[in-house]
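Same chain, two partners: subunit A is paired with subunit B first, then with subunit C.
After this line comes the complex of A and B, so read on.
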């Protein structure tokens, strides 16, 4: 166990970033998101939740794939995928850490997505326990323990100090290089974790019932009349999918550059009307159908294909960000429990 | 395979055949004159023109064709319109193969086959039909019921007339929706024709065409005494990656691009009807 006084923590950021690129919660224009540590950035390590999740680091919002040279009838293909250098991701909360497992199930399944894998392989994750989970948090429902996020290194803030515990070889290796840290005592951390666990039990959504979301109920859930009411206010803006740490749908698109065509992939949303639109047909014509697809995928289809693992981690970002106050909690309350 | 699978290779269009007023068949090889990859009947490939877009097409030619791949493509959207306007020698990009294909080596083997297609729906079936022709000893009688709006809209008409009709134990039944000058064959919709021909129920059936045609033809087959376990179809859905990751073609717990596009009717019944 190692520790540092929070008043000294800039020194730690500097030391880590002298070894590898460091990404951590940074406040910019009033919003905290994961960003590269550089001189003068406003680090917001205590912020409980970044606006966008940490999935950006492995599955960027937009990512170059191919450069095409086009001349007359001829086409040349040049691989434009970026190489990943080792980097440290600091301040990942339990919910976002769990989302990496969900994304791994999609991108690391055969055929392995090399763009995603190269970044996953390159990262050392320093998680941070949540001292004060919010009322919109329901990670426990999805098996996350916010007091014990198992990264390569697990960090816990106790009072004015931050403690570090290595959990993997990668974590031990990094920690052993950090001279700004001093030895710390485990007892303080243990009592802080207990306190967190007690707070979690008192959160309003902690007892959401998921028992009805089973593969064998797929058709019954799909046909439930409640979807109409649940989706009525949905604007199809896609905010929920963009802030969601597990939403992984993407588009592949081209744009013309000065001397060719660049092909890139970027986030997409099943909430958009064009998501499934073909020249002659659109299998999901209404917003209700698209809304239903998103939640059925997270709560029923994904678990059916992944040993019961849900594609929601209870981070509560959709609860906070939906302009119409629609969210997965309302869906679970309506359809998740035994009737 | 890794997602190098998302990175295509260059293909060259070496022949363009106008099949109908809105269907052309494109022959594609690599710049050194070879097939881009091997495939099984019913599998698909992503074709793209940089700057225009990328789209999934069923591979129309049979894998037994060792020289080139063919794609019969109906003009209906951005990519297809662009392809229809291009000339021989045009390069495209190609990647694949994607999807499960038809079980030609397992469930279909030794069976009497019934192919039912409507319009451009013949495109994916042509691959299977020519595969069956190339392995004639492995399959029994072959019945083909094919219908289109008019005689001008029948795809592969020359191959049907000159080759399929002369194949041993092949019965070809053509129909068009409305009377037309110069057509002395059957007139009427496919589902009704299937019942009229009264095909024996020992056939393994493969259906492909517009959704409405599939719906009523399946009904006709069931009325004839077929069961859903002997009827196959292939689905169309918007796709981007082709490997079950981009999320686009997810229906129920299946991804059309990798778990399909070929499904048996009883399997389709277990999926939400969003295809």
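After this line comes the complex of A and C, so read on.
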């Protein structure tokens, strides 16, 4: 166990970033998102959550794949995939860490997604325990412990100090290089963890019942009349999918340049009318069908194909960010079981 | 506020049971108090979840574009700001007014959920107008400190409706609506560029601003149309994200009622309304004070021509 006074934490950021690139929650223009640590950035570890999740670091919103350059009758094809140098990702909450497991199931199974894997292999993750989980948090329902968020190193703020606990070889290796840290005592951390666990138990969504969401109930759930009511106010925007740590759908697009084409991939949203143009067009004609798809995927299809693992981690971003206050909690309460 | 809600509920039940309307467009209770959602109620029983309180910030008028295509008449409750959007949609022939029963409702400003979170407010002691908001640490906030930006500058009135439900006089705005626009205008071009670059580089192109905007009612947006050649699901570079918002602001100029929904829904809290408000300020300067949505018939300054119209270059130079 190592520790540092929060008042000295800039020194730690500087030391880590002298070893590897460091990404952490940074506040810019009033919004906090993961960004590279550089001199002068406004690091924000007080906010419980970033707007966009940490998936951005492995699966960015938009990334180049191939460049085609045309000159005369020649087409030159260039690999445009970015090289991944080792980097440290700091300040990841337990829910986001859990989302990496979900994304790994999608991107690391055969055929492996090389663009995702290169970044995933390059990372050392330092998680941060949640001292004050919010009313919109329900990670415990999906097996996350916000007091023990896991990762390579687990950090906990206790009063004016931050403590670090290595959990993997990668984590121990990084910690051993950090001279700004001093030795810390485990007792303070243990009592802080207990306090967090007590707070979690008092959260309003801590006992959501998921028992109905089973593969064998698939058709029954699909046909439930409540979807109409649940989706009625949906604007068909992509906010929920883009702030969601587990949404993983993307589109591949060509951008025409003066002398060729840039092929890139970017996040896509099943909420959009232009999503999944099979053969001719989107088979889901109504917003209700698109809405149902999103939640059936997270709560029924994904677990049915992945050993029971849901593709929701209970981060509550959709609860906070949906323009019209629709969210997965309302779906679970209506269809999940005894809610 | 509870009394207002009771009166609205009574109205809704009466109109439903008399058969005057078949549906009611209003707001529905959430799970946490602040997560109120727009909803269509079809029976007296479903109205059990009806709510009208300080969290009903969502503008209901755009839902009527689809709702008035359906059979039967619908009752809608419109706050002052919603009603200007409603009028503008009537003017643009997007809503069939014959299928709507409009009831204007008093509004003293709605709460900004972001400001709740930012200040760590977890406890709401009551949903009355004179409500106390308390942080987990016991710090108290008055409502004025955490209302939506659009509410702190609201000069909108309850307009001409089938009926109006109002108990108290509306409060006067706390701030000058053009304060921030003036501040941006007084910056150098480089400073202004830096301001918008910082703000708009947070954009995640979720399209919430566009989809919620009552002035954005194209059946198919050019940015969603693969055949347009400019369809874009992502910002290909930092220039493009600026273009999306600037093009959208131009498209709604002269029609934007300043309802503030774009900024309310932005997940990154970008003050998008400032782009629209800049246009509104310029239109006021060039053609005289104009408020889109104040009526349902007049021509807007950008779709009308008079011989007295000034040449913008005479005012702005260039």
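What we mean here is this: the second predicted complex is superposed on the first by the 324 of 339 C-alpha atoms of A that agree within 3 Å, B and C clash if a C-alpha of one lies under 4 Å from a C-alpha of the other, contacts with A are read in each partner's own complex, and residues count from 1 in each chain.
The rule is simple: a residue touches a chain if its C-beta (ideal position, glycine included) is under 8 Å from a C-beta of that chain, and two chains touch if they have at least 3 such contacts.
As the structure is a prediction and not an experimental result, all values here were calculated from the model.
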- State whether subunit B and subunit C clash or fit side by side on subunit A once the two structures are superposed. fit
- Task: Please indicate which partner A:251 is in contact with in the superposed arrangement: first for subunit B, second for subunit C, both, or neither.
- Result: both
- Message: Tell me the contact category for A:219 with respect to subunit B and subunit C: first, second, both or neither.
- Response: first
- Should A:266 be classified as contacting the first partner (subunit B), the second (subunit C), both, or neither? second
- Mind computing the angle subunit B to subunit A to subunit C from the CA centres, in steps of 10 degrees? 90
- Give one of first, second, both or neither to describe whether A:319 is in contact with subunit B, with subunit C, with both, or with none. second
- Thinking of the overlay built on chain A, is A:114 touched by subunit B (first), by subunit C (second), by both, or by neither? first
- For subunit B against subunit C after superposition, the smallest C-alpha distance in Å amounts to 8
- Note on the structure: The intersection of the subunit A residues contacting subunit B with those contacting subunit C is 251, 255, 268, 277
- subunit B - residues contacting subunit A, complex: 1-10, 50-54, 76-78, 80, 86-87, 89-93, 211, 236-238, 240-241, 243-253, 270, 272, 274-275
- In their complex, what parts of subunit A are in touch with subunit B? 65-66, 68, 70, 73-77, 79, 106-107, 109-115, 215, 218-219, 222, 248-252, 254-256, 260-261, 263, 265, 268, 270, 275-281, 283-284, 289, 293, 296-297, 300-301, 304-305
- Interface with subunit C, subunit A side, in the complex: residues 28-31, 33, 51-52, 61-62, 132, 134-136, 204-205, 229, 232-233, 235-239, 241-243, 251, 253, 255, 262, 264, 266-269, 272-274, 277, 319-321, 323-327, 329-330, 333
- Task: Over in the complex, which subunit C residues touch subunit A? Could you list them?
- Result: 30-32, 34-40, 58, 63, 113, 117, 120, 122, 136, 198-199, 201-202, 204-208, 210-212, 224, 226, 231, 233-236, 264-265, 267-270
